[in-house]
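Heads up, the next two complexes both have chain A, just with different partners, chain B and then chain C.
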Partner chain A sequence: MSRDLLALRPVHRALRFRPFQFLAILPAALLVAVVVASCWLGVDHPGFNFGTVFTWVVWWGSLLLSFVFLGRAWCLVCPVGAVGEWIQRLSFWGRSSRTAGLLLPWPRPLRNLWLATALFLAFLWLDNGYGLSNSPRLTAGLIVVLTLASAWIGLLFERRAFCRYLCPLTAFIGVNSLFSILELRSRDAGVCRTDCPTKDCYRGNATTYGCPMGEFPGGAMDTNLLCILCTECVKGCGHDNIGLRLRPPGRDLWAMRRPRLDGAFAAVTVAGLATVAPLLTYAWLPATRRSLAAVLPAGTPPNDPPRLLAVALLFALGIGASAGLLYGSSLLSRRAAGVGTVPARTLFAHCAYAFAPLGLFKLLADLLDHALRTWGTLGDVTRALMLDFPRNRVVGGRVTVVQLAGPVPAYLMQTALLLAGLLFTLYALHRICLRLFADRDAALAAFLPMAGLGLLLTLLGLWMLGASLL
Partner chain B sequence: MDEVADRKSRLGRSALLSAAAVLLLAGLALRAIESAGSRLSFSPAAGSDGVKEVSIRARSWGFTPGVIHVDPGDTVRFLVSSDDIKHGFAINELGFNLQLAPGREVRSPDIRVDLPPGKYTIHCSTFCGLGHSTMKASLVVGDASPATASRIPWLASLFTLAAAGAFTVLAARRRP
Partner chain C sequence: MSPNALQGLRRHPAFVAAALGLAALTALAVLALSGKLQPGRRQAGAVYYVVAYHYGFAFYDQTFTEVTAMEAKAGEPVTLYIVAAHAFPKETVLAYSERSLHSSIGGLPAGDPKIREKLLEDFALGNIEHIVGIAGLPVYAPTNVTPALGGKPFREGGPRTLREAVEKSDPTVQAITFTPSREGAYDVLCVDSGMDGSGTCGWGHKWMVAKGGFVVRPP
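After this line comes the complex of A and B, so read on.
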């Protein structure tokens, strides 16, 4: 059921070519530079500025789609993470004998995704409360701050500590990439175990670095969660034992040997931020803001403390409710399967990952609607940027309206996406329950409450997206 | 035999409990969605210049009023302001798209509504956060009869329910 792309000679040669990653980063770096220039110096409205339209529609949409087909391919080309690595290695692609970094080990208590998930939530709060994606200047500021942070962390800590533990998107990207149809793994685990004493894929050698993410492709790495496809292990493996395989979508979701709670919470966050959190904010933001304005000094948005706090509270409630719903379903599943079987906490940790496709496809459905309605904007702002670089003022207060699909066809496409997300989630949940419970009836009994939660979140998405049709 | 009966009863209880939980929570969610969307309806009267002026306030993530009634052939002017962050205000069928900033009222050009009777979507055209896709209102032109479109979310929900049910039945019947 899988095909190894590295068995194809041109792919094999390209990925073993030392400057491969650098050459892949260059166009992305150029685009990011144009985006920063446009955001920093261009018109200060997100609907007219090339940088914001490109970042929050084109890049965001491409990122969501890339999870399905290419896993963490964005991390392969991301210039933000690369800057830290270049500074640390004092080299763009070759194995350097020198380093500018202190190469400190990352603190043990922080070797997980909790901090990255917290930063992701902070990023969401800034976005939805303060309007980060809503402001060209703040968008440029975010990219610059992240690049400086990557450089600083690269100077202090070993490998890509920033990309693994700190990047606000790493947990989001990692969890969604579990769904991908592409995986990079060792071809034969036996070769790594018995024939390879040097473990170059992890430790590096005279010509290559060890895995920048601190993963061990020849050993424990059994998911896409942290593999950034940098292909360093492909170059370093002396046994040519690394494969880049196409596979059925979502396999990591149920085949994960040791699901960790930090990743599980990140997965709940992905599903919750696409479903429960927007619902609560949509339903209660005005009332919550009004209540808080009675006790906090109000300001002019976005510098409006009652609104900022209201968004924070509702997001916390949304993510908390999502985790609570999943834990409640885990308790129901455990009870349904019979006492003395799998603990609810284990069910939570395994099943949380299965909800990631539901969140991913909801986010795709959200963006599809925007793209279909505002397609003309991209042409306008690109033309404006080319005619008036980098200020792109030529749009002149109006953007073209091009509607690619009416409300009903758009909603039907969104329904198809939500349904696809639900079916992938149900399939993953069923496989997980079959693996956790020896008895098929117990597995089915445990599956039902989880499936109910998946159905509920999907219906919620359908109703929110369809509210304007009702 | 007792063990088989016990398993079956556990399965039945699980199905019942799951269905009850979904029903309860879905009901609450639906109530929240319905209460959030502004159903406040507004039918502007023509001013001395013959133009129907409509004042609209945008916020994350909705518009007030949520439904605006006009007649075919009317000339309409929209005065739109944002209560919080930057938003857009667009009606694709009328071919206009305003960009809003907080604290400033934006005035649309005078627009002649040359549209057949029906319900048209007003939407935010600036990506404004996680709930952006729900930031919509309606322009009702003429005496629009209840549109078929309003049934589509319910049909989609039924279809989703059927798909999830079919999956569960298939999963239950699958042999090891």
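After this line comes the complex of A and C, so read on.
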């Protein structure tokens, strides 16, 4: 049940057009430039600054939605990652014979998602502890720092090492994109194995580059985890053997052949950060801060060391508890299945990914509430930006407050989203268990503890959403 | 640097050029992010003083004479010195607030004693800061009087008058310079502190608007 969009001639021609990615990046780059100018020079108020409203409401919301429909499509147009690539290639789109990069291989011990997951946590800590999304200047600073990091890494290391191993969002985007209804894969793996000695999609050729993410679309790449949809392989494949297919949502979650522990931990982190960590910060942040204030010098937020440390501790506890709950469920599943063939570690690595939809739909539910309440602000800040483009120093006036739905209808919609996330998680868990256990009864027994964890996390999410109503 | 390393770099002139360019950009970014690279401020032309009180504004010209509206010419720089009424002693704060009793606020008719109750309630809750903005102009200035109060409801030992506050460069006085370019009458208002329209100075915040409080004349 899939449809290959590359079979459509206009799509095929567009994606094989050499400057395609550059043309896709260009508007995003211009928009990011306006955002940085607005954040850096504009009104230092998150609700009146176009840059902060656009980044943390429009971009963040679009990013979450894009996971469902387009996978890692943001990475296709992301100008931050592109800067490193342009410097390395000394070209915006064509295959260049020269390079400014040293093309060093990325250190072997760091070829995983551990560092990216740690940086994602640091990014969230900056937001929750330091109020990143509430500060136009910090938002501009973040974009500038990431762009410079991408440029330096592109200059020193081969391919898009920054996007694959360092970008604070790569693990988050990758894990959530497993749910996408879009995938880019080889059409016939046999052709890649037997008829293609050059493997141009991976190595590149005289006119195209190899996969910037170091993936082999014709071989090992069986998920969206690292595919940034740059379409370099579409252009490079001499056998026209790459397809861009629509598929049922979430297929990667159970079809993944070799789930890695670093990716599994990233998936647990995403699910835990959407469910367990907010609960802990909601319940214990004031008390933890008070306790820490007895031993640390207190300050005015955001420069308040006890609060910053309290957020870090509660986040660590939230992630630890999520991983612990999943590992505990893996042990229970193993025991319930009654067969010693599947180790708990394997169950953990496979099932962790299945919890990604739960986290994603919880984040979408959070976003829905935000969008229903604050979308009027976007019009206000855009008008203000136009009055003083691109410096955005102008206050537009009173905030336009338009509640698109009351608290109860909003909560019902959020509940529906959370339940949809739970259903996808349960379905993925069921398919994974069926694949791991030959016996259907053992698969069902192994499924139940995992399903219980899914239900528990959903109930926590529902309670958290309801608590904000009170 | 060893001779081998130097030789290696000579083989990569594009790398050296790109690295130098990036190093310069990185240095600029570090300076900017650490606050050492600020855009230069233009000298002020017209000068006005704005006292933000619950729930209104008082405007004063350069001679500290109260005016009904501030006026400037298009293209001429203007400097506003902005201060919250709570920077002054209790009696001054209450005197400013009395002005609000003569207006209809929050659906209550002018003179309704409930307005005073609500005012005092806001003071008790510590809702004493304002964000002064002019709609359509680059003016956005949060007041900063809380540290000067030292946890007390009203300030003690501070300046007694606006002139004294300005002359002594009291830390509660914020300055903002801008150049209006379009003629017209602009509203001075207390800006909402949240994206959902929530207020910063409390109950009467929504009514804290001086209609046409800033007028830009032709050059």
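By our rule, the second predicted complex is superposed on the first by the 460 of 470 C-alpha atoms of A that agree within 3 Å, B and C clash if a C-alpha of one lies under 4 Å from a C-alpha of the other, contacts with A are read in each partner's own complex, and residues count from 1 in each chain.
What we mean here is this: a contact is a pair of C-beta atoms (placed from the backbone, for glycine too) under 8 Å apart; a residue touches a chain by one contact, two chains touch by 3 or more.
Model, not experiment: these values are computed from the prediction.
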Partner chain in contact with A:Ile87 - chain B first, chain C second, else both or neither: second
Which of chain B and chain C A:Arg373 touches, first, second, both or neither: both
Most chain A residues touched (candidates chain B, chain C): B
Contacts of A:Ala122 with chain B and chain C, given as first, second, both or neither: neither
Touched partner set for A:Leu104, first chain B, second chain C, both or neither: neither
First (chain B), second (chain C), both or neither touched by A:Ala33: neither
Which of chain B and chain C A:Ala189 touches, first, second, both or neither: neither
Contacts of A:Gly454 with chain B and chain C, given as first, second, both or neither: first
Chain B versus chain C as contact partner of A:His430, first or second or both or neither: first
Which of chain B and chain C A:Gly141 touches, first, second, both or neither: second
Residues of chain A that lie at the interface with chain B and also at the interface with chain C: 45-48, 53, 373-374, 377, 397-401
Of all residues in chain B, those that touch chain A in their complex: 7-8, 10-11, 13-15, 17-19, 21-22, 25-26, 29-30, 32-33, 35-37, 59-62, 82-86, 88, 90, 92-93, 95-97, 99, 101-103, 121, 123, 125-134, 136-138, 147, 149-150, 152-153, 156-157, 159-161, 163-164, 167-168, 171-172, 176
Residue ranges of chain A touching chain C (in the complex, touch as defined): 40-41, 43-48, 53, 87, 90, 98-102, 141, 144-145, 148, 151-152, 155, 373-374, 377, 387-388, 391, 393-401
Complex contacts: residues of chain C adjacent to chain A: 12, 14-15, 17-19, 22, 25-26, 29, 32-33, 39, 131, 133-140, 142, 178, 187, 189, 191-197, 206
Chain A to chain B touching residues, read off their complex: 45-48, 52-53, 56-57, 124, 127-128, 131, 133-135, 273-274, 277-286, 300-302, 304, 307, 325, 328, 332-333, 336-338, 365-367, 369-370, 373-374, 377, 397-401, 403, 407-408, 411-412, 415, 418-419, 422-423, 426-427, 430, 439-442, 444-449, 451-456, 458-460, 462-470
